[in-house]
Every structure is written in C-alpha cells, then in structure tokens.
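Think of it as A, B, C and D in the order they're written, each chain with its own count starting at 1.
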C-alpha cells in the first residue's frame, strides 16, 4: 500500500529535491535513517523536558539541561528551515497543523533567550511528542492505526449518545449526593459532587471524597453497581464495530471486498489481509 | 424516518397552531431555532444552578445569580403556559412525566419568593436537565439511542440475574469480612462491610475502608480476582446482544430485515442502514 | 420448559401430599403464594441480621430485634419440619446442601438460647440468603441463569489458565516491588507487596499502599498499563463463548438446534427462543 | 495432540534413559508422579520465600525456615544434576532459558553459605515459580494457553499502536496537569503528573495524588471520561481476534479447518474441538 507524502510539491532543482526526499519521504535509505534519527531525537528531547521539571534535578544539572536543549533546538530549527526551503508551496506547510507544531516546538527556547519567561512556557515544547505521528504516518503501522480510528469514528454517534446519557446521569447523581450528604464530607458544592460522581462511575475511586452518611453510602452502592453494568455499553459498541469492520475487509491488491469473517487471505487473488 | 410528536393534538385555530408547530415540532426553521434556543437555555441554567452551590461564588455574586434565575424562570414559565395553551388535551400533557418535569423546574423559584425555604429545594430545578431528552427526542440521534436502550432491554433479564448473583455474593462477602476483621478497621457493621465489598468488586476502591489483618487481605485478594473475572459477564451479555441486533436490522424504506452481519445498505432497495 | 422439583418423592397420603405441593412445587396458586411469602421473609430476615450489627441500632432496639428473630426462626423451623415430614426420603433432603443450609439458618438462634455465644455465630444465619436460589430455581429466570453459568463453565479452562498466568505475574511483580521499595512505604513483606499488586492490576487501587520511590512508580506504571491491556482477555474469552452459545440454541419444543445467529424464533416450529 | 519434550536427546544406556523418562516426560506413571511432586515442592517453596519476608515470622522461626530452605535446595540441586546427567547435549540445556532459571533458583542459597549477602539476593529464588510453566507445558492445559497467547500475538500490532496513542496522550495530559496544578498538590514534576495520569486513565485511582484546583478537577473529569471510553478499544481488539480464531479451528485428527462459528465437533471426522 502506497502512502502519499503530506506535501507533494517536489521542487525541480537538484539539491532541494534530494533534501525533500530525505526529509519528507522514507523510500530511500537516507530517508529512513533520517526518520529514525528524528524519532530518537524527539523521544530523547521529550524525556529531557519531563526530567527537567523535577526540582532536585534542575538544581544540580541546570547547565547540562540548558546545553542539551540548546543543541536540540538548533537541530530542530535547521530541520524546520530545510522543510520550508525544499517545498514549493511554503504557506501550505507553515499554516498546516503539522507546520504549527513544528514551529511551536522550537520557538519557546528563542523567546526564553530574549526575556525571562514564566517557566511553564517551556512546556509548550512538549508538543514535540506529537511529531511522532508524522513519522509513523509513513510507516507500516498506519494501517492498523487507521483500523482503530475508523472503527471509533463509525461508532462515534452511539458513543456520543452514551456520553450524553452518562453526563446527565452524573449531574443528577451529583446533585442528589450534594443534598444527601448535606454539603459536608467533601461534597461542598454540586460541581464537587459531580467530580465525585465521575470518579465513582468510571471506577477510578481516588477516595479524596467519599460518602460518610449511611444514606450517602447506600446511594453510592447503587451508583457503583450501575456504573459496573454500564461499562459494558461502550465496550459492546466498539467490539461490535470492530467485528463488523473485519467483514468489510477490502483487498489492497484486487479490491475484492467480499470476504468471510475469518479471511486471512483475499479469496480472489491470495493477497494477505491485515 | 419520521417521528411522531409526543402530543399530536393540534388545535385548529390559526395562531395556536403556529405556536404549536414552533414549540412541539422541529420541521420548520422556527421550530428548530426554538429547540436550539431552549437547549442552550437549559444547559446554561443547569450550569448556573451547579455553580450557585459553590460557597464563595454565592457570597460574591448572590444578586447576579438571583436575577439570572429570575429571568430564566420567567422564560420557562411563558414556555410552559404556551405549551398548555396550544394543545387540545391539556390534562394529558400536565400529568405526563414530561409535563411534571416542566412544572417542577419552575415552581421552586416561586415558592422561594413567598417563604424562605430550605435551600436544597432549589436543587429540584436541576430536573431541568431531563428536558434535554425531549429535544433530542426529535433529533436524528434518537435512532442510535433507541439501539442502545433496546439492546439493554433485551439483555435486561440476564443482567438482572447477574445482579442478583452479585448482590448475594456481595452480602456474603460483606458478612465474612465483618467476622474476619472482627468489626474493626472500618468494618464496624455488616452494612459497612457490604459497602466495602461493593467498592471493591466494582473496582472503584476508594480506600476509605481497607482490610488491615492478614486474613482480611487474603480474602480481599480472592474477592478482587473474582471481581476482575466477573466484570467480563455483563460485557459479554451486552456485546453479544449488540451483535445480534445488528443482524436484526430492518430497512426503514422497504422493510426488508434479512441482512447479513455487515450490511451497510439494504440489499433490496439500497437504503443506507444506520 | 418444565423443571423437576429437587426432591420428587411425593408421599401418597392426602394432607402430606398437599403440603408437599405447596412447599416444594410452584404450579398451584398456593405454592406460588408460599414461595413469594418465603422470599419476602428471607429478604426481611437478611436485612435484619445486617442492621443488627450496627452498634447504635443494637443498643437501642435490642428487644425488638430479639423478638423479630424469635418470630422468624419459629416460622423457618416450622417450614423445616414440614419439609422433612412431607417427603419420603428424609435422609436425602437433610444431608443435601439445601437441607444443611436450611438447618444452619435456624440452629444458631436455639444455641444462643442455651448458652451465651460469641456473637459472630449469629452471622451463620446469613446463609439464609442462599435460600433465595431455591425459590428462583423454580422460576422462569432459571433459564437465563443457566445460560450464564454454562457459558462460564465452558470457558472455565481458559479462565483458569489466565488466572494461573496472572497469579505468577502478580507474585513476581510483588517480589520486585518489595525489592525496589526496599521493604518500606507499606511494602513491608512480599505477601504485602502481592496484596498491593492485586489491588493495582485489578484496578481497585485503594491507595492504602502506593509506591513512593521513583523506580517504584515507574514499575507501577508498567504494571498498570499491563493490567489495562490484560483486562481484555477474560472479557474476550467470555464474550466469544456467549456468542458461540447463541448459535447453539436448541428449541425447547421441537429440539431443532440448527439456528442462525440472530434466531428469535425456532425456524422449524416457530417457538420463541430465549 | 502430542507434545515434543523440550530436549529430545535421549541417551542410549539404560538407567539414564529411565531417569530421562521420569524427569523430562510425563507419559509414564512415574513421570506424572514426579511432575506432581515437583509442582507441590515449587508452590510450597515459593510460599515459604514469601512468608519468610514477614518480619515477625523471620524473627520467631528463623531456624525452621533455614532448614526447610536447606532441604528444598538439596532436592532441587539433585534434580538439576540429574537433568544434566541424563541428556546428551548438556550445553543446550544449561544455557537455555529453562536451564538458567533452574540454576538461578538454587545458587542464591549456596552463595549465602559462603559469605553473608544482601538479603534481597535471596529473592532471586522466587524465579522458581516460573518452573511451573515447564510442568504445565506437558499438560493438557497447554492447548488453551496457546490459544490465548496466539490471539494476543495476532492482535499485538493493534495493541502496540493503541499503547503508543495512550502513552502520547498520557504524557500530554501529565504536562497539562503539571501546568494547571502549578506544580503543587503532589503534581511536583511532569514525571509525577504522568504517574498520576496513568493511575487515573487505567482507573486504578490510588488517591495518593489527586487534583485540588477546580480547573484540575475539570481536566480530570475529561480524562476519566476519555479513559472510560478508551478501555473499550483493547477489549474490542482482543475479543474480535478471539472470535476470529474460533473459526480458524483446525481439527487435530483430520486437519480439516473449514468449520462454522459454533463448531464443537469436526464436521468431517467428528473429533471434538477444543
């Protein structure tokens, strides 16, 4: 299965075309090496930003982190500039979501050079992690990713309705608990009680707020048993969609889409099905 | 697919018929605009009631909330009166569940005008949120909602039996934990232990009560592993029902209901299936 | 569908046969009334025993509870004696599980009359709740209950193996956490750490023990993500068994068992399928 | 279905062949008895190591545990030596994963005889529990185990992608919560916030870290509802794979693999399907 590059505006002159092929495509060996290198750099850089926020680490290794970030930003900047240089329609790239993420992941560092900023600005750099998707875009894995996303998309309407039911149920339960617990024991307002209801129905159960009165506990028991039965619904929706999509399989080679449930190979041309 | 209005008693004279069409139907542009306006007002009003219960907010913006509620109640009252005026059989509407909810969501405000009431009465207004269902009733989404509800209804008997098993299991586990923990560590009575058992089996796990003795922990481990395996049962019930209903699809246009598992279009007339 | 009574040894003489029909069968109106009465009494009595353990309640209403229990025990005793009198093979009933439960649910009261006992003995009376199953045995609901139980039975071998994997995984994780957390932060021994591992993998998450060191938290993250993926396995096992059993449907009337997936009525004789 | 022994290098001379058959095979009565004995010893020994780590127990029964461990290690050592003696290609066994586990589960004891070691070294002996798999390898249960493992293997690519999505989602949520909660209330660094995000999305919910600001709670609500919907995805993946594998059933006797969904017996030769 061939996948089109996102920006298929190949420039005509020699060196720009070569850079284009390395940066945007992954057919060639150089292209693939570039992708892997970029992937490692993104993961490394993300881990760095995360570790940087640990107070003790920052105090001790402030300089090392600064230089590492400096180095990474330089590389990403060069890559960003090359990406702009070697395509035809620059505007399309710069204002595409992918281009904005590329830009946002380098700019915070330069801002911090000019004036001292609120250190949370630095966390915008975390958006770099989204760049991973671009690389996987070109990879083999895309097919399975598509499968999951499209199954979710097709069952989305049912899931929306289910969520609407859930939200109304949660709001009413929250209001009831607020009344039952008389605004005490952490149920100090309806939004607070709604937070408790979500924590309970999703079976997360932090325990930062929990019912203290007998009536509140009784109501909780009912809510929990409901939540326990209800959890089956989204699973049922998604599972049945997954199953349906299986029998919708379309062969990539010959296009035949009339396959039985358990098809592993196209029954017309023998192509392996994913 | 056409959906009948809930109260199909159209009055004959001109202006009442027009109002009827705006309020009760959503075929016309005016009707749809009315529905969307009402939806926004309901959501806004619900959020207002919720936020109102936050202590700091009430203290600072008491007046603003009062006037907003005043304004909303006036609108809902006018709508309520119009609903009564423009249909034939008024009794049917007033004493229908939908009519009672409409009434209950405006009356608390008027009561609070006459004499100061326990402030929890005000929360009855939260029932307004149920009015959302009326609007969605008329919408496209209804079909999927029906799908979920009817799947749950058809598997309800199996779910009831499962819940009966669960409840008996929970009560016995609760009694055992009460004995094992010797009435200490929060397991002060059987109802309390049953509350713990529900919190545990549904995997909510607040941690407000948790076993402290070695034997209690051993029993908990068994209970948790059971709960983990048992959670598959309602999911299995609902999923298999969902799957079955898929193959029960009936075409809305030609009525043909003999479709394969993966039917997306009616095989007789080509109508798109939901 | 006809269900045989558990003890089909009908005595021949008149009054004993009549009592037998009331107590053991539910064909007649008297039999059904008896069953419903018994059901109410069992539920009432179970709730009573539960409430009795609440300290404040016992102090205030000691006498009332004593008399209620006295009254209930008398009725259950009479019922027990009638059950013995009106069947042929008494030994079979008395030593059957059902007979032993009947006996155990009345004896603690009589023991407490003779000498003061450890008050936990009284909780043996909770076994009464198991008597509910006898009543439902005779009811319509049995069919669906059988469905669930037999689906679980058929997938039990897969579930056993899954549990074996789980237990070994849990024990190893427990040992690792004990080492990683160095026996501190609640991970004071391997059994304690195994308890934590079960609490975590089943997603109960009390929070009475939770990792405190960075390495412990990292290990926990891996364990939680594993547990999250693994939960799909028992669900998958049970769901696929449920689906299989559907197509195994056997018509109660004509015995035909060749039905398609979505059969609601027997395709030979038109009997409704459950 | 016949299962080949792991090391099929049977020596030719008499007594070694007999020992080989007892230790490595389970066809003979002696072989099966040996397996069961070994299983009991492994379980007993594992429980011993676990209990040994409980502080009070160690203090009181130090000697008893020492002698039990001494006794068990001797048996395992004899078994290890016999395993080496009675096969042809010793290297293959010794350096196979199974051989290394066998070695690691006896060596810590001997090391502790020579010089006092960090007591966590003793926990390496816990690896003994993995030896259970060898015994089950030869047993009937293997078939179902294979079923589960191969279903997971076939859906692994989808699960990997799902986990990749999850991890990126978790990291971004963690970073957002760190900013929202302003590094307070336990969200002291991004790794810490990521730990919280995993605890929340997997619905474990310890409650050691929980949001305290209104905005943090709002974000948590969204995260929890997402997690609740997302949990359906791995279940859907695995369930649909389980279902597919069912129809892939291959008869052990005649090799026919064209069976319907609900096949319990091979339709060619009547062999029972698992």
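Keep in mind that, in the parts below, contacts are C-beta pairs under 8 Å (C-beta built on N, C-alpha and C of every residue); 3 or more make two chains touch, one makes a residue touch a chain.
Quantities reported herein were computed from a predicted structural model and do not represent experimental measurements.
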| item | value |
| --- | --- |
| Matching chain pair for A-B (criterion: over half of the contact pairs shared, by residue number), options A-D, B-D or A-C | A-D |
| Same or different contact residues where chain D meets its copy chain A, judged by the half mark | different |
| Separation of chain A from chain C, taking each centre as the mean of its C-alpha atoms, in whole Å | 43 |
| Distance between the centres, which are taken as Cα means, of chain D and chain C, whole angstrom | 30 |
| Chain B and chain C, separation of their C-alpha mean positions in angstrom | 30 |
| Residues of chain C whose C-beta touches two or more other chains | 191-192, 194, 203-207, 231, 235, 237, 239, 243, 261 |
| Contacting residues of chain B [partner chain C, same complex] | 157-158, 160-162, 164-165, 168, 171-172, 174-175, 178-179, 183, 188-192, 194, 200, 203-207, 210, 214, 217, 220-221, 224-225, 227-229, 231-233, 235-237, 239-240, 243-244, 247-248, 261 |
| For the chain A and chain C complex, residues of the former touching the latter | 203-207, 235, 239 |
| Chain B contact footprint on chain C (complex, rising order) | 46, 49-51, 53-55, 120, 123, 126, 129-130, 132-133, 136, 141, 144-145, 147-148, 151-152, 159, 163, 166, 191-192, 194-195, 198-199, 201-208, 231, 234-235, 237-239, 241-243, 246, 260-262, 264 |
